[in-house]
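Notes follow the structure.
Labels A, B, C, D and E are assigned to the chains in the order they are written; within every chain, residues are numbered from 1.
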Amino acid sequence: MSTALFAADGAADFSQDTWWLVVGKALAIFVFLVVTTLLLIWFERRVIGRMQQRPGPNRTGPFGLLQTLADGIKLALKEDIIPKNAHKAVFIAAPIIAATCCFIGFAIIPFGPSVSIAGHMTPLQLTDIPVAVIFVLAVASVGVYGILLAGWSSGSTYPLLGGLRSSAQIVSYEIAMGLSLIPVFLYAGSLSTSEIVYAQTHQWFIISAIFSFVVYVITMLGETNRLPFDLAEGEGELTGGFHTEYSSLKFALFFLAEYVNMVTVSALATTLFLGGWRAPWPISTINDGMFNTGWWPVLWFVIKLWMFLFFFVWVRGSLPRVRYDQFMRFGWKFLIPTSLLWIIGVAFIRAIPMTDITRRQLFLGIAVVGVIAIAIVWVIDATRSPEEDEQVGWELGEVDPFAGGHPVPPLPGQTAMLTRGARPKVAALTAAGDPDDEPLPEEDPRG
Amino acid sequence: MTAALVTAEVHAPSISYHLVAPMLIVLGGALLGVLVEAFAPRRSRYVIQVPLTLVALAAAFVAVVLASGHTKSTTAAGAVVVDAPALFFQGTILLLSLLAVLTMAERFDGNEGDAFVSTAASVPGSSYEASSSRAGWLQTEVFPLTLLSVGGMMLFPASNDLLLLFVALEVFSLPLYLLCGLARRRRLLSQEAALKYFLLGAFSSAFFLFGSALLFGFAGSLNLSAIATAISSRGDADALMLIGVAMVSIGLLFKVGAVPFHAWTPDVYQGAPTPVTGFMAACTKVAAFGAMLRVFYIGIGPSRWDWQPIIWAVAIATMIIGSVLAITQTDIKRMLAYSSIAHAGFILVGVLAFDRTGLAGSMFYLAAYGFTTIGAFAVVTLVRDSAGEATHLSQWAGLARRSPVLAAVFTFFLLAFAGIPLTSGFTGKFAVFSAAIGHGGTWLAVVGVVCSAIAAFFYVRIIVLMYFSDPDVEGTVVAAPSAFTTVAIGVGVLMTLVLGVLPGPLLDLASRSALFLP
Amino acid sequence: MNEFPWITVIGAVPLVGGALVAALPASLASRAKHVALAVSVLTLALVVAMALKFDPNGAQFQFSEQHEWIKQFGVSYAVGVDGIALVLIALAAALTPVCILAAWHDVPEVGRREQNYFALMLVLETFMVGVFAATDVFLFYVFFEAMLIPVYFLIGSFGGAQRQYAAVKFLLYSLAGGLVMLVAVIALYFAGPGGPQGFLLSNLTGLHMGVGAERLMFLGFFFAFAVKAPMFPVHTWLPDAASEAPPPVAVLLVGVLDKVGTFGMIRFCLPLFPDAAKWATPVVIVLALISIVYGALLAIGQTDVMRLIAYTSISHFGFIVLGIFAMTSPGQTGSTLYMVNHGFSTAALFLVAAMLTTRRGSRRIPDFGGWQRVTPLVAGVFLVAGLSSLALPGLSSFVSEFLVLVGTFSRYPAAGVVATVGIILAAIYILLMYQRMMTGPKPESAAGTHDLTAREAWVVAPVIAAIIGLGFFPNVVLDVVNPAVKHTMTQVGVTDPAPKVAPEAEGTAK
Amino acid sequence: MSLDNYLYLSAILFSIGSATVLLRRNAIVVFMGVELMLNATNLLFVTFARMQGTLDGQVVALFVMLVAAAEVVVGLAIILSIFRARRSASVDDANLLKL
Amino acid sequence: MNPYVPILVLFAIGAGFAVFSIAAGSLSGPKRYNRAKLDAYECGIEPTPHAVGGGRFPVKYFLTAMLFIIFDIESVFLIPFAVAFNRLGLFALVEVVLFILTVFIAYAYVWRRGGLDWD
């Protein structure tokens, strides 16, 4: 597919792959993911147990390692319920979509450099394509359908709202995530994961794109619906969120999908920012880079991956859940604009070699621009929106239950209530509202 | 990986900014307008937006005039061609949109925005709508939207690349879809018009795009000149090429409102706020015909023997259906819509001449028709009853008694539509018909004049109504226009008269400009 | 020819006058008609002055002016008059003041409406002068079409009960004809030399073009002219328009405007497309004969006096067309003279009929009877006008009708015979009408009706004078017309047939 | 696999899309038909780009996606406003403008 | 080998696993009919009747969807720019700055008009 555009020195070479190698690698990835998930669930419960001064599961198997497996078997033995309001086909398809998509993203994650397997030199990576990173994002987006359709097809209020929330949350943070990846592409000049790893030979992108890394890590939490961003299934508000109506192995599939997704985003973070399978600095210098060859890199990769997974668990154990509006505001009003500014900054830095501007002048300029931009953003947010200064009167009448689209049955005689931020504010009610004033009648369109 | 297929090297194109300056000015004005919407307090938006929009348009016009002095005309890797016809169309669009913006800025009683709803998001008939309207809110987003649309329209006839054509098409259409749904009164009708326009417009642009893809497959390039070269170099007609040409033509014919792709015109014209209707009727037509001329003359011209007969049929059908159906209308805006369909047919007659005279004639016709149309719709905004504009024909009866000047002005516009000598309409018709007759289109011209005669019937009917009937519906009044509308109507009348009596300079400009650069 | 732009001035004076009348402030509104009358008289004076300077034996077109107008289209502002145009312009200029005077009380209220009425009449005069004087085909077309608008408003705004219908019918018929002509006009340009003066008449005569193209173009022009000079079968608008229009407007319409049709045939159809004209002659002559007989027969059957007069005009126009297409010099000379005479006699008929109907309050002939005794003077004038219409020797129409018949007989004897029937029918309808309206016992309904007023006398006097004067001294016109007709004949390439009748006709003409 | 098959697929998708537009009455479904047509076109562009070994077609696809997105936004806004006013998204209910 | 074939293989494995699980789940579990069990879960209250899909939901989600589409597409344009940055040079830098500026203007508009506030 690519010569001129995408060919670079670091591209992995799959020319010697045979069909059985491919199938073998695919199976290996699958097994790796399932095992990692089983371990991760156990790990999470143990770590959180520790953080909460309790032991966590420790009965089933050594250190309770088989607890997750036992839970899975228990779920398999539960009754598989399909609610009568559900749209049956979609209801069944949704977990399949979610569970299938979560695996595919891993196809392009490089575990290590080329090794020799049965006489074939093959990279420790299932495959690589020129648009690998976009592919991961795309697959993740398809995964959203699983959640959305699950919520929609359940025919129930909580799942619907949970599914909507969840997908709104994922798409909101997907923008910031996409933007946080762009500096990486700017540095690497490629979307192929193997090339990106290659481009980090001398310096990991966590250093040159530190801000992007931070943004990515935050969005990573949002994308996977993890605490503190697990608003889609906040028990207090939505019981179980989109999977409220699911039971048995269907529920298990969603559970699996969520954890595999965690692994996937962590693996991507490793690949893009932490040099992928490359050994960390002091080790990488040993013996002329010995630890960067052969099977060693798999170790480094798995270690880095588990660092992220630990981070997930750690955050879950430490932070409270945020409110939905706070969450959305943070994503839309902070992550996106700052990411954009960061992209511009990185682009300017990358452009220096093409001009005769000194690096110092450039940083100065970027600093000034950044300060100004932040000041502007602050002003925008600090000054109240002009709409709210001059709200017109808003007659409080009988509630229209469908006014905002909420499927909420009104109680007889119920009137509108004030909520913070709810727009048509009653403050000016007495001033402008004329009680005798009828709403405009539906006009006859023919005049 | 499969065999390496992509061998193209990436080159940074260069852009001659002075050539695209007019478009940049307009789009920059639009962005400024958006910022005004974002940051200016509500009560001062109107007073900022109107001058801003007018200045942007005027500055762009100056830039167009300045750009006409340059010799280099292709930029952006050949995708944009700012040649003489493009400049002519751009200048025309700018002048017409200046007038249209003036009519949009009209507020009859000084504090209430007239044609546009106070808040587009409010549900029709809701108390929120009523209270926002009582608070005197104005929909000032129309100005940036209009500027965006104008920017797209200016790009449309200057695009030498099917992709750019598509992008420009959407850039000018999308704001129009929204503008159509913003009428202050009869909002359901207005929203419905917007929906219809949108669905059909999107449908047709999908056709345009699919046709472009087929032509791309045929020629290996989206560049119009490259397509022309590919067509001429292969002697026989290729199915890919023919279907592509047909589908691209459908997209363009839709935009100009030619039969059988005209179904949206009356509905949208009726439902849209009247100043927007005027803007659409005048400027969209100029832009769409500008692009059509370039595509037909430059891009798919070499294969015209294959498809010309079909466009002939389209032109004839357009003239006949537009003229005949207009007779049955009882709403003045619908009537003008059908009339615009008929006029599209007349312009097609000029397009089909395939010659400089045809090009020049069409260009002149578009300019002349544009000024008259905007003036006519501006007059429509003035005739009102308690519920807003009085567009039913019966409400126009005896208008000459109430307001002789207005009736006279409208009569003049109608006479121009009908093509009576000493109006611009006649000069335009003469230009396109003589181009057609000069190039083998005599029968087309004969159909054209027959349709003109039919069309004259319904124009005359309105004159009869205004002058010779007694008013039988009370309550129709003629609003006193502010300087904005007065200027718009005045310029409309003036241009209609000048282009009818002394069309020389503009004809000269048109015929000097009538040469596409490939 | 002459440094002074006679024609432009003559055209511009009524236009400016019209604008002036329309723009008069309210305080002077009552003076509008006086201003209008003065302007029209001034125009007439200018036309007379120009006519006196006209040299019948000089160049074909005199007082020519030519300026570039729309050079991209090959259009020039080119005007000039030959004998035919001169007499028709004179006719228009003479009838306009008469009509303005006749229209003195047409609009009851003083004010804007009245101003518009007289302004439109003056504007109409401008277009009439222009259409006769244009020597550029495009310019002619512009005037030809533009002329419709003032007439349309005059009929539609100020006419009788059925005015809307009549006005629209008039406009659509004329517009349709005109638009068909437009195609021919454009085609003609492409057949000609083109260029910035491609529409000049002089550049378009004597072209060599394909037979088919020439015939089609001829038909295009002829259709428009046939509608204008109402010929069977496209005449139906005339009775409506003429009877619904205010009588002075009807006079201008039938007396002058419709002459544009027959004038156009002489000026354009014949010289531009001589071969096609000869090809079409048989059909045209048949149509002309049908017009003559059909118009006359319908006239006999009418009970509405205005419609009756309108139908007589259709019959008369048949004669004019017959004379033109007889392709003989007496025929064409006679037709030209006929145009003038018909103008005056129809004017007299319409005006007097209007005086009668105003007094009686009805246009139905059976409502009259015995009015000789009530208004003897009016009846007398009516009789003179009627006799002129039936071409009584000594009155003007006689000469022209005679010439036409002579011209026709020399080439198409059979047609001449049929046309003669028209004369007999004319006698029937005129005399019958006179008898039914004027003779008989004195009616009771007419009590208190006054006879000719001073203003009315001033209206009819010039017309009657012209009728009688031209009856005795037709040479005033003929001398001017003859060279022009000869010129046309040369361009068409026909010569008078030799037989014995011709010299007599020539003798009469001289 | 021959690239022609992609062309056929694209044509089929386009036809399905236009049939949806013409036959379905729900505005949102109609709109989805339009989107399907646009995406069929994208497929066509990419296929041709592949056949010809140029990048142009892919660039076009990118632009088409953008435009389609803008169209979605505008279209949804319009449909939504109608839906809120009438509680129906059926094209048949939008019949005030019938002749 | 086509680089997408391995992806298909992985897809097949994942899908096979998911389908197998669903099938197994319906076989392995008990099946005891209970009317209340099949109702929608609403914390023990009588469930609100719904059309399939649950009916309406707040307009706000539409707005979020629209904003997502716009800004996501924006990042689509940034990606090729980023990849080809070295080859396009300063031209691309200027154009992208203009592009982002334009996006910022739209962004500021949405922000100020309350489009980013979640009530």
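In this text, a residue touches a chain if its C-beta (ideal position, glycine included) is under 8 Å from a C-beta of that chain, and two chains touch if they have at least 3 such contacts.
These numbers come from a predicted model, not from an experiment.
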With chain B removed from consideration, the chain sets that still hold together
A, D, E | C
Indicate the lowest number of steps between chain C and chain D, counting one step per move to a touching chain.
2
Where the contacts of chain C and chain E overlap, which chains show up?
B
Maximum inter-chain contact count - chain pair:
A-E
Can you figure out the chain closest to the middle, judged by Cα centres?
B
Quick check: how many Å separate the C-alpha centres of chain A and chain E?
10
Express in whole angstrom the distance between the two chain centres, defined as the mean CA positions of chain A and chain B.
46
Centre distance in Å when chain B and chain E are each reduced to the mean of their C-alpha atoms
38
Check: chain C positions touching at least 2 other chains come out as none
Two or more partner chains touched - positions in chain B:
1-2, 5-10, 39, 124-125, 187-189
Note: chain E residues in touch with at least two other chains are 3, 59, 65, 72, 84, 89, 108, 111-113
Residues of chain A defined as touching chain E within the complex:
1, 5, 14, 17, 19, 22-23, 25-27, 29-30, 75-87, 92, 95-96, 99-104, 106-108, 126-129, 134-135, 151-161, 164, 168, 171-172, 174-175, 178-179, 182-183, 185-186, 189-191, 239, 244-245, 248-250, 252-253, 324-325, 328-329, 332-333, 336-337, 340, 343-344, 347-348, 350-351, 354-355, 380-381, 385-387, 402, 404-407, 409, 419, 421-423
Within the complex, which stretch of chain D touches chain B?
7, 10, 14, 17-18, 21, 27, 30-31, 34, 37-38, 40-41, 44-45, 47-48, 50-57, 59-60, 63-64, 67, 70-71, 74-75, 77-79, 81-82, 84-86, 91, 94, 96-97, 99
Chain D touches which residues of chain E in the complex?
59, 62, 65-66, 69-70, 72-73, 76-77, 80
For the complex, give me every residue of chain D touching chain E.
62, 65-66, 69-70, 72-73, 76-77, 80, 84
Write out the stretch or stretches of chain B touching chain C in their complex.
360, 404, 415, 418-422, 426-427, 429-431, 433-434, 437-438, 442, 445-446, 449-450, 452-453, 456-457, 460-461, 463-464, 467-469, 503-504, 507-508, 511
